[in-house]
Every structure is written in structure tokens, then in C-alpha cells.
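In the two assemblies presented below, chain A is common to both, partnered first by chain B and then by chain C.
Our next item is the complex of A and B:
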């Protein structure tokens, strides 16, 4: 299988008030077409920033220092703004984290679904709304006709997340970035939503970069997984392999820190502080090497 | 539910109006100044004065005067002007259209320019256009409307005399109006020479009135636009493939307008109040200009009538702002 997304040596820092802090340190990652790739890390590991870099929604203070993001053979970071916008929504889409805030509170669901259809598929208003209705059926929203005319505050969190999934899949993109897409939902809704995403992904052949801090979610939906810490990918492998024989010490600690109920003898243990400081030291070491190579 | 909410709002306006009537009535009789003394010459005998007092009902007790006044009000009778000896209601209706046309014209300038400035400033966030807009807004906010009026008269009326600075219509033009709404009426009747002249005369007073409202509105709208642009839905809109301008216009603007409309609503009442001075400065024959004459002549019935008219306009403006917010914000429509 060929890679649909190939990130190489991506480094990024946040610059604010003269202080520069490196967030991504030489990230390399490849996602095959049709693959669901998990990106797992703690808060502050840089996983969301990586998603934002792909989607071109970085905060103003973020500066990309080096690296490439090849999507379908073209480097996204080198594209003209209009070309990049042409890919967004049609080829690359987002399933956001918080269904409560990701929909515009003053626009009807139908209008928000129709946006990409009008913009990229050049449908007229009426056809777009008809198509939006079909999309809502596909994500199993009851009474899709009525939902089209409703406002976000009239739907539950799970329903809104379904709408957001419908928006993401509306133009059959080749890559979807799912940024903590099930974190804000309760466990039973989470399971339904994961199943729905998986189903739509299989039928459309879309690749997904699934950003999460939850290894349980990874086990349910991902084919492969990368472990990220301090802006570095520590390990990248098939999910089964990572779960059965993790190579990196941090991955092993992460697995132990995940509560499991299917395993009698499994003991929950927090990640050792010594390991965290070793990782942070390694990150500092990386920054020093970069600085030295620039100075030299 | 919505209609009931709005009806409630209108009903709540009645006590407000009663309060205004009471306060104005009492205040006008507490402050020094005697309308009869203002209208009679130095040669008037005490009998003449007594006779006039009786004629205008000023010889009765304050409470009796108030009850009579309320009774007349309830019948829609605002009394008779002491200085002009005409029916106050008719006087006001003759001047109100003049002021309304000027106010609406100023409002349209303020809202149009304010929204444009806010969008431009937010589009070029943290770049030089925003810096320029911020400083221009700062200057405009700092200067009150009547100073703008004087500056315009000095610069565009005296130093480079290109604009008319007095009156409502070119004196050379003959025009018989039925409704006093010169601008609309003349346009409908095809007298475009009159329409043009009325518009031309409106520009300076209108812009002077509009500037403070425009600046405050632009400032509030721009900062709330900037906040909305950092919201999750704006980021999602960007990942849909919208350009920055599309995100502002299609997604952020309507959300940003909600706080902006509420806050500028307050400023809008300042604009209406501002007509009093501005009309005076430009010799504009509106309600505000008449209000100053009424105060100078201690014309109690006329002052009362004008203030009640302004109060009704304020109440209607606030009601309208509530209505606009309900339209803008679907979350306000239930409950």
C-alpha cells in the first residue's frame, strides 16, 4: 500500500514575546491509504498541534521550522494558500474534539452541512440540502429532514458529533484528522461513535489520523499506532504488536497506566517520574543538537 | 413564546413611560423660571399675569395640574404651547419627521461604516490596517458629535465652502410637502432636485451625529469578531476550505453582532439625544432645535411633549434591539 500522508522531519515551535518553545521535534510519520493511524500521547505531547499543522489551523504564534508534509505526493507546506484551501474539506477533513463548540450556534445544521457540498462539489443550494439529508441518514440521525432545520443547541452532544462526522465525510476526503473526537462523549455514546467512524471509514476507504490519549480507543479503531512524547515519535507499529510486545519503555509504562478490567492480574501503575524526566532530557538534547548544527 | 416575550416587553414600557412623565412634570416645576414672566412684557399688570396664569391652568395646585395633565395625556392631548400658541401634538408631528430622517440617515452611515471598519480590522488582524483603524477609532471616540459639527462647519463651510451648513433645503427650491418626510416624499414624487438638496444638507449633520456611534460600534464589533475567530467553529469552517474572509462573513459576523448590537444600542440613544445640539448648530428645523427654543421660553407643555416623544423613541429603539437580537440568536428564541 502507498502512503497517502508522509510527514518527514517536521519541527515546529511556538514563539511568543521573544520566547521560543519547540513543540514538535523532527516528527516522521506515514499513513497508508485506507489506514486508521492512532497518535497517542499525554497532554502537551504535541499531538493536537501536529493535527493542526496538517489542517492549516495553527495558532498565529506557531512557526514551522523544518520538514515536509507530503499529501498524495505534494508538499502541503509549499502549496499556495488557495491550492491548500482547495484540498481542505474536499481531500482533507477534520472531526473536531468538542461537539458542543465546533458547530456554529447561529446557523442551521443543514446550512453547515451544505457548506462543503456547495464549495467543493459545486452543488446548488437545494441539491446540497438534499445531499445533506442523505448524509444525516448515513450517520443515523433520526428525522434527518427536521435536523436540517434545527440549530446545534437543539441537538444532544452525541447527535452533534454525528453531524460533525457527516460534515467530515461529506466530500469523501482521502484523509480525516480526528482530533480527540470521542473524548468529550460519555462511554456508551463513545462506543457508538467509534463504530460509526469505523464503518464510514471502511466503506469510503478514507485514511484517518486518530489523535487520542486513550489506548482503549486505539485498540477499538486503529490499524497502526504511533506513540508521541515531548514532540517526538517514540515508536510506531501495528496496534497488535504495540499491545503485545511494546519496544519503547514509555509505551510499556503507558500500557501499564491504562486501567483494564479484562485482565485479572493487571495492576494499574502510574508512569514513573524518572522515565518522564529521561524523555524530557532527551528532548532538550535534541534541541541542543539542532542549535549546534545551526551555529556550526 | 417569542411573540409573548415581545408583547411583555412592550407592556413593560408603559410603567417606564409613566415614570418619565412624572419625573419630567415635577422637575420642570421645581427648576426656576416662569413661563408667564417670559411671555409678558415689562408693562404687564399683576391682573394680566394672574389672568394668563389662570388661562394656562398654572394657578392650581401642583397635584391638580398633574392630574389634569395625565387626563389630557390619556386622551392623546399634549396641551397647547405657551410660546407658540399652537397644539403641542401638531407642533411635534410637524418636526418629528425631520429629526427621524436625519437620525435614520446618521444611523445608516454609522452602522454601514462601523461594520466595514470592523471587518477590515479583523481581516488584517495584528497587521498595519488594524493598527490604523484602532487609532482612527480612538480619535473619533474621544471627540463628541458637536465638536465634529463645529469642525465640519469651519473646514467644509467656511475655509473651503463646498457644503451647505444651514437648514434642510436649498432656499431657492420651492417645495410643498404633505408629510414633512421631505427625503422620502420628494423621491416618491419624482422631485429629485429636492431629494438631492435634502440629502446634500443632511451630510454634515448626519456624519457628525454618526461618527461617535460608528466608532463605538466598530470597536465593539471588531473585538467580538476577533474573539469569534478563535472559536472552534471558526477553525472547523477553515478546514472546510473557507477563506478567511468567508469565515468572517459567513460564520463569525452573525455571532459577533449579538454583543455588538446590544452595546451599540445604548450608544444609539446618545445619537438621538445628540440631535438636539446638532440640529441647533446646523439650523436644522427638527425636534431638537425646537426643544432648545422651548427650554429658553420655559414653554412647559412643549418641553413635556418633546421629552415624552424622545422617551417613546428610546423605548422603541430598545425594543427593536431586543427584536434584532432574538432574530440573530436562535438560542434566545425558546424559553
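Our next item is the complex of A and C:
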């Protein structure tokens, strides 16, 4: 399979108040076309920052030190800002984390769906609204005509997440970044939303980078998964392989730390402190190597 | 699926906010009076009749039936003059407040959204502007531009845009950090589209509140400028002119002052109540 997105040796740091903190340390990652690629790691591992780098919505304090992001044969980091912005929404889209805040509270659902269609597919407002209605149907919103005229606060969290999914898929992008897109939802709604994303993904052939810290979610939706810690990818492989024969010690610890129905209580173990400090040491080691190579 | 109870409608909530109801009532009364002035006024407001000068209200022994609240020094009907004065007050209120709102909003949006140097320049100008006493500044301005209604409107706009600018700037800075503006970026909206599509609609409630308060302020400023003879020509019936004339004869004929002063207070209190009430009604929605 050919990779739609290929990140190699990506390093990034945040600079503020005179100090510089490295967040991504030589990330290499390939996402094949038509696959759902999980990105799993604990809080602060740099998952969101990686997603933001792909989308070009990094905070101002972020500085990309090295690396390339090849999307469809071109290095995104070399593109002119206007060209890059042009990809957003049309070629690369985002399903945001929090459905409660990601929609504008004072604009109707229909208007917000139509924005993307008008912008990228050059539809006129009326056609865009008709298309928006079809999109709402595709994400199983019950009364799409009515929903078009509703405001976000009139819809439940699950419904709003469906709207955001509809927006993300509306221009048939090649890649979607889903950053904790189901974390804010309760478990039963989460399951429906995951199924919906999977269905739309299969029928459209879009690739998805699915960011989460929940291995249960990975098992449900991902084809392959990468494990990230302290801004480094520890291992990256098919979900089945990772779940059955995890190679990295951290992955094994992560699997053991995930509660499962078929496990007894005693089998649920937190990640050992020693392992975490080893990983942090390795990250520091990486930083030192970089510093030395720059000084030399 | 969680069932979300639909909100009580906007109209319903306004009807249950007494200040908003009172404010709307005042605004409607003023508008009706201004529109129907020719039919409402019992006399021509400019018609002089020296035989009837200083008539007291009709219920006094010397009162005259058709001059309900009496006449001024030139025998002009107080009621008719006040009624026509409403037109000037309302025109100034609407036009000046809207233009001040427009100017302040545009600059506030730019300052709040782009930040950096743009913000620095606009904010400094606002600070300097606001350090001048408003009434003094307006008197100086009108003296420079020349008296007249248009000068009064220009002066109010030049002075009061800062009120809008400050608030809009602050709110824009809050808005641009919010998630839905960030999502606007990820669907590829340009900066201008973000400002107009995502941020501006969220400022509308705020602007309505500011606008109604500003209308009250504009009426007061116009009255002050009329009072010091810098607004419309002195024989034109405006509330400020009426109050000024009334003041001259306050010891002989105190009733001259009554109606125009009442109108001034009535409209300013009403417009402020409207602003306060709308703020109450609108706030829970915008904070959701």
C-alpha cells in the first residue's frame, strides 16, 4: 500500500520565556491510504502537537527543528502558507475533541456545514444547504431538515459530534486527524460514533490518524497503531500484532494497565515508575545527542 | 440520546424581563411621537403669537384651552415644541449611536483579532481619547466643525466610538481563543471570514446592549449641546433649546421646564433600562 502521509525525523520544540522544551523527538510515521492509524500515548506525550503539526495549527511558540511531512508526494513543511491553508478542510480535515465547544453557538448548524462546501467545492449557498442536508442524513441525524435550522445548544453532544464528523467528511478529504474525538462522550454514544466514523471511512477511502489514550478504542477502530512517549514513537505496527505480541516494554505495560472485562482485578497493573524514568532518560539522551551534533 | 429541552424563545424571555419591557415601551413611544409629530402636535411649533406669550397650563385660571401645558415667551405651544423635539432627539440617538457603533466595532475587531502593532496603535488612541472629558471635547469639536445637527452627530461619533472599541476588542480577544474559531481555521476559513462568520455574530448581543445605552448618552449630549447653543438653531424645537429657554424664565414661569426635562429623563432612563434588560436576557445564551 502507498503511504498518503509520511512523516520522517520530525522534531519540534516549544519556546517560551527564554526556555526551549522539546516536544517531538525525531518522529517517523507512515499512514497508508485507506487506513485508520491509531496514535496512543499518555497525557503530554505530544499526540495533539503532532496532529497540530500536520494540520498547521500549532501554537505560535512552536518551532519545527527538523524533519519532513510528505503528503501526497509534497513536503507540507515546504509549502507556501496560502497553499497549505488551501489543503485544510478540503484535503486534510479535523474531527475536534470537544463537540460542546467546537461549533459556533450563534450560527445555525446548516450555515456551519455550508461554510466548507461553499469554500472548497464552490457551491452556492442553496446547493450547499441541500448538500448539507444529505451529509446530515449520512451521519444518521434523524430530522436533517430541522437540524439544519437548529443551533448547536439544541443538539446533544453525540449529535453535535455527528455534525462535526459530517463537516470533516464533507469535502472528501484524503486524511482526517481525529484528536480524542470520542473522549468527551459517554460510552454507549462513543461506540455509535466510532462505528459511524469507521463506516464513513470505509466508504470514502479516507485515511484517519486517530489520536487517543484508550487502547479499547484502538482495538475497535484502528488498522495499525503507533505508541508514542515523550515525543518518540516506540513502536508502530498492525493492531493485531501489537495486541498479541507487543515488542516494546512500555507497550506491554500499557496493555496491562488497560482494564478489561475478562481480567480479574489483580491483573490490572499501573505502569512501573522505573519504566517511565527509563523512557524519560532516553528522551534526555536524545536531546543531548542533538545538542552535541549542533555544537560539533 | 439525551433529550435537550428547547429554550424558551427570545421573545418570551424579553417579555419576562421588566426592564427590557419598559425600555422597549419607551423606545416605541418615542418612535411613534417622532413619526406622528405633525398630527400629534396641536399647534405649529414655530408659530409665534405674542398675545399668548407665557400662558400657564390650561388648569390655571389664565390658562387657554388649546395650549394644554402653556406657551413660552413668544407664545409658542410647549407641547408642540416638545413633540417636535423628540424627532431631533431620536434622529441623533439612532444615527450617532449607529455610526459610533460601526466605527468602534470595526477598529475593535481589528485590534482584538490581529493584536500586535495594530492593537498597540488602536488601544493607545483609545486611551488618549478617553482621557479627555467627553462633554468638553464635544463642545470643542462642535465649535471647530460648526454648529448644527450634523456637527453634533459627528462629535458624538468621534467621542463615543471608544466605548464600543474597548468592549469589542476585549470580547474579540476572548472569542478568537475559543474552540469554534480554531475549528474555523481547520476548515480553511480566511482571517476575514473568521472575523465576519465566526466572531462577529457572537458580538451582536453585546452590541445591541451597548447600542441602546449609547442612544441614551447621545440624547443627553445633544441636549447639552443645544443647551449651550451649539446644536440646532436656537429657534428650532429641541429638548436642549426648550430647557435652555425654560431656564431663563425659571422664576417667573417654572412650568416651561417641566415637559422637556421629563422627556429627557424618561427617554434616558428607558434606554438604559433597555440595555440592562437586554443584557440580562441575552447573557445566558452567549455564555452557554
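What to note about this one:
Here is the rule we go by: the second predicted complex is superposed on the first by the 292 of 296 C-alpha atoms of A that agree within 3 Å, B and C clash if a C-alpha of one lies under 4 Å from a C-alpha of the other, contacts with A are read in each partner's own complex, and residues count from 1 in each chain.
Basically, a residue touches a chain if its C-beta (ideal position, glycine included) is under 8 Å from a C-beta of that chain, and two chains touch if they have at least 3 such contacts.
Every value quoted in this text rests on a predicted model; they were computed, and no experiment measured them.
Superposition of the two structures on chain A leads chain B and chain C into a clash. In the superposed pair of complexes, A:155 makes contact with chain C only, with no contact to chain B. In the superposition on chain A, A:86 makes contact with both chain B and chain C.
In the superposed model, A:94 makes contact with both chain B and chain C. When both complexes are overlaid on chain A, the residue A:183 reaches neither chain B nor chain C. Judged by the touch definition given at the top, the superposed model places A:57 against both chain B and chain C. Legend: residue contacts after superposition of the two complexes on their common chain; A:107 is shown touching both chain B and chain C.
After overlaying the two complexes on the shared chain, residue contacts for A:120 are found with chain B and with chain C alike. Counting contacts by the rule stated earlier, residues 55, 57, 85-90, 93-94, 96, 98, 101-107, 115-116, 119-120, 153, 164, 167 of chain A appear in both its interface with chain B and its interface with chain C. Across the complex, chain C is touched by residues 55, 57, 85-90, 93-94, 96, 98, 101-107, 115-116, 119-120, 153-159, 164, 167, 189 of chain A. Of all residues in chain C, those touching chain A in their complex are 1-4, 6-7, 178-180, 182-190, 193, 197-198, 201-202, 204, 285-286, 288.
Remark: chain A residues 55-57, 60, 82, 85-90, 92-94, 96-98, 101-107, 115-116, 119-120, 151, 153, 164, 167 touch chain B in the complex. Interface residues of chain B, counted against chain A in their complex, comprise 126, 231-233, 235-243, 250-251, 254-255, 258, 328-331.
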